[in-house]
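Two complexes come next, and they have one chain in common, chain A, joined by chain B in the first and chain C in the second.
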Partner chain A sequence: MSEKDITTLLKETDEVILKKLREWAEKIVNAAQAEKKVYMEVPVRTFSNVFFDEEKGIIQMGERVAKREFLNVGHAKKFLQTALVASTIKDLVSEGITTSLRDVYYRIKHTIPGTKENTVDEQRESDKAIEDLETMLGFVREQMHVFSKGGKGKLAGPIQIEEVVPDPDGGPPRIVETDGENVGMGGWAIPPIAEPERVRIKKVEAEFVLVIEKDAVWTRFHEDRFWNKHNCIIVTGSGQPDRATRRIVHRLHYEHKLPVYVMTDADPWGWYIYSVYKQGSINLSYLSPTLATPDSRFLGLTISDYHDFKFGKEVKIKLTDQDRKRLKEMRRYPWFKHKEWHREFDLMEKEGFKMELEAGSSKYFRFITKEYTPAKLEAKAFLP
Partner chain B sequence: MSEKDITTLLKETDEVILKKLREWAEKIVNAAQAEKKVYMEVPVRTFSNVFFDEEKGIIQMGERVAKREFLNVGHAKKFLQTALVASTIKDLVSEGITTSLRDVYYRIKHTIPGTKENTVDEQRESDKAIEDLETMLGFVREQMHVFSKGGKGKLAGPIQIEEVVPDPDGGPPRIVETDGENVGMGGWAIPPIAEPERVRIKKVEAEFVLVIEKDAVWTRFHEDRFWNKHNCIIVTGSGQPDRATRRIVHRLHYEHKLPVYVMTDADPWGWYIYSVYKQGSINLSYLSPTLATPDSRFLGLTISDYHDFKFGKEVKIKLTDQDRKRLKEMRRYPWFKHKEWHREFDLMEKEGFKMELEAGSSKYFRFITKEYTPAKLEAKAFLP
Partner chain C sequence: MAEKDLFKEFKEHSVAEFFKKNKQMLGFSSKIRSFTTAVHEYVSNALDACEEAGILPELYVQIDKVGDDHYVLKVRDNGPGIPPNIVPKVFGKLLAGTKFHRMIPTRGQQGIGAAGVTMFAQMTTGKPVHVKTSRGDGVIWEMDVMIDVKRNEPIVKNRKSYEGEWRGTEVTAEMKEVTYNHSKYSAYEYIRRTAIANPHAQITLVEPDGTRTVWYRTSFEVVRMAKEGKPHPLGITVDDLMTIAHYVTKARKVSSMLKNELEAFGDKSVKELEKLVGRSLLEKSPADLQWHEAEKIVSALKQLKFRSPSTDVLISIGEDQIKKSLRANLKPRYVATVTRKPKVYSGGIPFLVEVGVAMDGDIQGFELMRYANRAPLLFEQGACAITQAVQSIDWKRYGVPSLNEANMVIFVNIVSTHIPYVSAGKQAIADVPEVVAEIRNALMEAGRRVREYTSKVSQIKELLAKKRILDHYLPELSAALAKILEKKPEDVQAVLSAALEERYRRLRELEAKIGVGAEE
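Moving on, here comes the complex of A and B:
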């Protein structure tokens, strides 16, 4: 693609969204003018309409749709909220502005004239209205110019990235290029919106993606230039990953066919984070097709590793009641049904401890980059 | 400075630290060999030894020093912990490795042979030992190659930055250059260690530094290229700032004589964050001289702004009991003693609400970058 192509992509995406929004609004207006029932059809996002798609390996949203009627006392306010958000998104897209969920909340919050009623009282309401639009229009909110917070994800390695940065005064957008091998110790900061129309993965020479749960551990890999020695891209979401980080991992896999390996602590929370990268989250099931990477494999850490790599007992952290409860829940998740995982759950419960990635430093600081990870990669000792 | 100079600086700093560590250790060993009392003198860091230095405008540590004796049952373990950390830092510096507080904890954690006693049981203990060394040796832990987490700070604007990235195989360090006007939407990720021997501020053409509490609001300023229109550097610490972010703000002020203006929410927590940039924090009082920027000015948000900029009542957020309690405490802080601040405390208490920076979006998305901030800057309407 030439430079022109990527800036054109943003323009085209914006146009498609504006067109879809217009059609959606016209349908409502036309119904009103024809004195027909005015309603919108919103896919149901509650747990009852979420299922695990075995074939695709992701958490998906079912087919159920709810009718939201304008002239229904129970629906009217939500109807209004969704319409207000739609109008705000139209403004954002036409003006080439991006903004946060919090700002959208303030933008649509008004006291309805002649009443004491507010359009929205809490951000949760405008967030839900945005989710409505995502499911109705089939675009993620990032494409509709809305992000959550600034990204907390980081990346480094043999990758060339181009970002389209629109000009605030309506001039042509700027293209910012990043060479992932020539970033500082903070890495490339994954931006709040990492959709293809804004972030182009121009060239990748890596052979796989290594996702590291914690940023401090990621810094170890970056400082040791692990990405150079093992020809990979190293990514961290700094704990529970935001959508942009998951999106980049997803795109590296699907656009560039890179295998994805995930490293987390050996504890229920870390393993759950792995499943968020892999299958998606229950709350955002309708986004799994764009955010999840079901072919991801788990590289470590496990309680088996404790024995295989002969760690000392000082790295053991006793399981809490909370951990044991979480383990029980995870046993029931269909995406953790593999016997390899159940063996690890059993082992953790039986031995009664968890363990962190930083435990490698009890041997020596570079144990994780020099021995542990290379050995696991070499043996292809992944969990499904 | 030439490229050689900045890489030399890191080497020189490392050498000075190794020398100081050796002297410190030799003093202890010599005392032991001479069969004298073996002890170290540790500056006291509790609240009783912290005071507000009116003249310098920062929270400082007093002169009190405690003797920690090797052959004192109550001191022996802490003595051991500090010695273990000192030895670990020697390794880190000689090997050119940086690492996190958590890794240092694991590194020194061992069961003492022949006993069931661990050298450290919790990270708090190794953290305290590192603080001991910071105060005894007069170097911050970042200079001694230890960081907390990956940085969460971001920056953009007319600034040229050079980072020294040591080679993990002992080759010459790499120099990574960043042009703050040509960064993506995530900005330049402030690295976990932002000391002069690793991060060089090569050239600054800005006239001031604008610190913005929240990253989502910072993204508004960045997208609108506020730094270009108003010739400034925009920085965010994404909430409570980490040390590296405060260090960069401090350095921009002292090395480049830039005025620093801080923007936070109009709430006790936001105002407290302002004071952290400005005066330092009570817990880390001994670091104030390197981290605090006492000449900082508060640009907003205030409850007076609510009236001056004619916000609608829908942006008001009711004060909680917790907020009122916090306000009472802040009234007693000597660094908030100015009548301008007490007027704002009174106003907030009387009117009973707080307000967020995102409230500007209730007018229009760019209100904060197009009207609010320019008006405040123009009027020099700062609080001390």
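Moving on, here comes the complex of A and C:
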């Protein structure tokens, strides 16, 4: 990672974004002048333009772009919305403010003079406009000062972090440092924007990253100082991870070469969450290169674990129709096309039950941190 | 009156009585229709004659009013002329037409022929028709022709010949109890529609008030004359068979008559037919053939197998020619035309369907133009399979919400050696499943092209309608882009607005161009 001062990095990023925005707007106006057409070219984000890059192991977006024309009956409104969001981003970046998608929606929403029409009726519309700008400008919205919800992720362990905290009065931002070993029971809350220009991973002494699906289970690991004993960083996204949590896991793997192991419930939903950390989702395919961690490995739980660790049958939860349906869908994911995974799918389908990470407590409270996880790490018993 | 009785009476009574009693069926019913029928007989004869001789037809029709319901009709062509000794037969002998025993799709198949007009003229005014003709051999013949109503033989008066360089035939008939106007059943409409379906013909019409209208030709191709063929056993009607038996054949037995006069009918067919109708019937003299016996033979024929008639005899106008003609005559904005491949009905009668759909431009309101072998069908529209097929199409699917409100002309021409008419009036196509299906196929094929046109038009209309909204969006868009560019909003707006106006201008131009040759 660059040794540049993090505030310099932020300033530079902001400048590049402003420049790109200006070029984008200039392109529209110049084309209007030269070609007498008002249009922008938006990369296509639909399924037809998405493919699984076998080599890199991630979902990627294809090359196709769609021309969005202001004069086209179906495009005019979207065109206007995109321009309004772009000008909002210009404000945010030049004023050094970060804000949420919801705020952007309210910021641009108003009645168009002379009509009874609103610029946007639902947040979905402004969200789409931001996604379009992300693909057109080549920056993620976090770099453009816009986040979603955030705050779901946390971590603890041997890691030192520098964070940029904007100054409310427009002055230079403050830098706040965190020592991951010296945090309270809540750990270090991953901020909504975890881009390198805002969060700098200053020093890491851990040997691997352990991602735990559920925050309650993460608390067990934290209280037991698992990170200390096993020299690792423990991360949770509290269920379905937000983008910042996935970004941090991605950065720990790529910037610091740490192996990533993921623990989820042994159920189709949990395994899907693993797939989100690993591959990313189809509708955010254009973000895969910065969010996904295709090298991550699955530590558990599996139905095989039920037998290997001799759990009692009281931990079994019957599969629902919904579970079976999801299982069927996941069989088709290219990154689950490994015989190890298909064996687990078959086993779950055949035995007809699922189980949770907390099931270990049926033996004793610290079973998961004292026995189960160490045994899996020791045996390197991971699924691809 | 049934066709059966028509024939019986024709034998038993004088020609005059026959004609009077069957006027309706022969097309001489109302005042307006009688005149249209007269024009039809002369015009179709003229066109057929030109085509047979390989001449590009040039017709001159003059209509003069001499009193109330009293007119003089003159039709002149540039055809091959009629040999002077044949003239009396053509104009002075009922049912003596040469077309009866031939199986080529000619217009004159309908109706009673030129002698019918002579009869009508004679009956209403007591005057003969006047014929002038020359074969281009330097001699021009003129004569008056009447019919001896007792013997059904021509009476010729004032016959003369003189030298002159001209070729063609001109016939003049004076009639009472007729009317001429521009209504949809009128002679005017008949001529107009004839001109549209015969783009190789030039027709000049001079009306009673002196108005002169010329329908110029849009095609310079002489219409191909088909190989002549005999009637096909599967297509023959009882009416046809009776005519052949009583007026055409020279055979002494019904069996040899069938072999001589029908296509694809040989000794093998005679044997097969014998099993169905019995030997004695086939041994009979054709002159003694009764209606019910002819009926028996016709229905038995339908059970036998025959070689299919050749489709070479079908003469279509062709997609290009219909398109050119509709463009020239109707000045529409859009035309789609379809000429289908030949099909067969009743197990073996060849036919083909061609349609044209013309829309907008100078066209106002909806009009259906029906044709059989290029001859307009003006009457009995409601009973016609063409009408039925047109109404059965879901035009909404092709961007035409309602036919009655559309500015649209639908042109349908049925070509066949035997047009399946509803009745002897020969003004409506019968509801034959294969024919209806084929008309529908042709209309739907044209409809799919119409949809491209209608959707283009509505798309652009929608875009133009959107302008008002875009005008409101424009300041918003300009302000947003201006903020990013740190420019004045009005400067950005000036550029965008210029681009928009340019696009609108081009859209309006594009809209004007749609249909007008744009699809070719």
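Criterion: the second predicted complex is superposed on the first by the 377 of 384 C-alpha atoms of A that agree within 3 Å, B and C clash if a C-alpha of one lies under 4 Å from a C-alpha of the other, contacts with A are read in each partner's own complex, and residues count from 1 in each chain.
Definition applied: contacts are C-beta pairs under 8 Å (C-beta built on N, C-alpha and C of every residue); 3 or more make two chains touch, one makes a residue touch a chain.
Keep in mind it's a predicted model, so treat the numbers as computed, not measured.
Once the two complexes are laid over each other on the shared chain, residue contacts for A:K37 go to chain C alone; chain B is not touched. Once chain A of one complex is fitted onto chain A of the other, the partner contacts of A:P113 are limited to chain C, with no touch recorded for chain B. Of the two partner chains placed by superposition, only chain C is touched by A:S87; chain B is not.
When both complexes are overlaid on chain A, the residue A:F79 reaches chain C alone and has no touch with chain B. Contact with chain C, but none with chain B, is seen for A:E26 once the two complexes are overlaid on the shared chain. Counted by residues of chain A touched, the larger count belongs to B, out of chain B and chain C.
When the two complexes are laid over each other on chain A, chain A has residues 91 in contact with both chain B and chain C. Here chain A touches chain C in the complex through residues 21-22, 24-26, 28-29, 32-33, 35-38, 70-73, 76-77, 79-80, 83-84, 86-87, 90-91, 112-115, 117, 119, going by the rule given at the top. Taken in their complex, chain B has these residues touching chain A: 91-92, 95, 97-100, 102-107, 109-111, 118, 147-152, 154, 161, 163, 165-168, 176, 178, 182-193, 198-199, 215-220, 223-225, 236, 238, 312-315, 356, 358-362, 364-366. Only residues 462-463, 466, 469-470, 472-473, 475-477, 479-481, 483-485, 492, 495-496, 498-500, 502-503 of chain C touch chain A when the two sit together in their complex.
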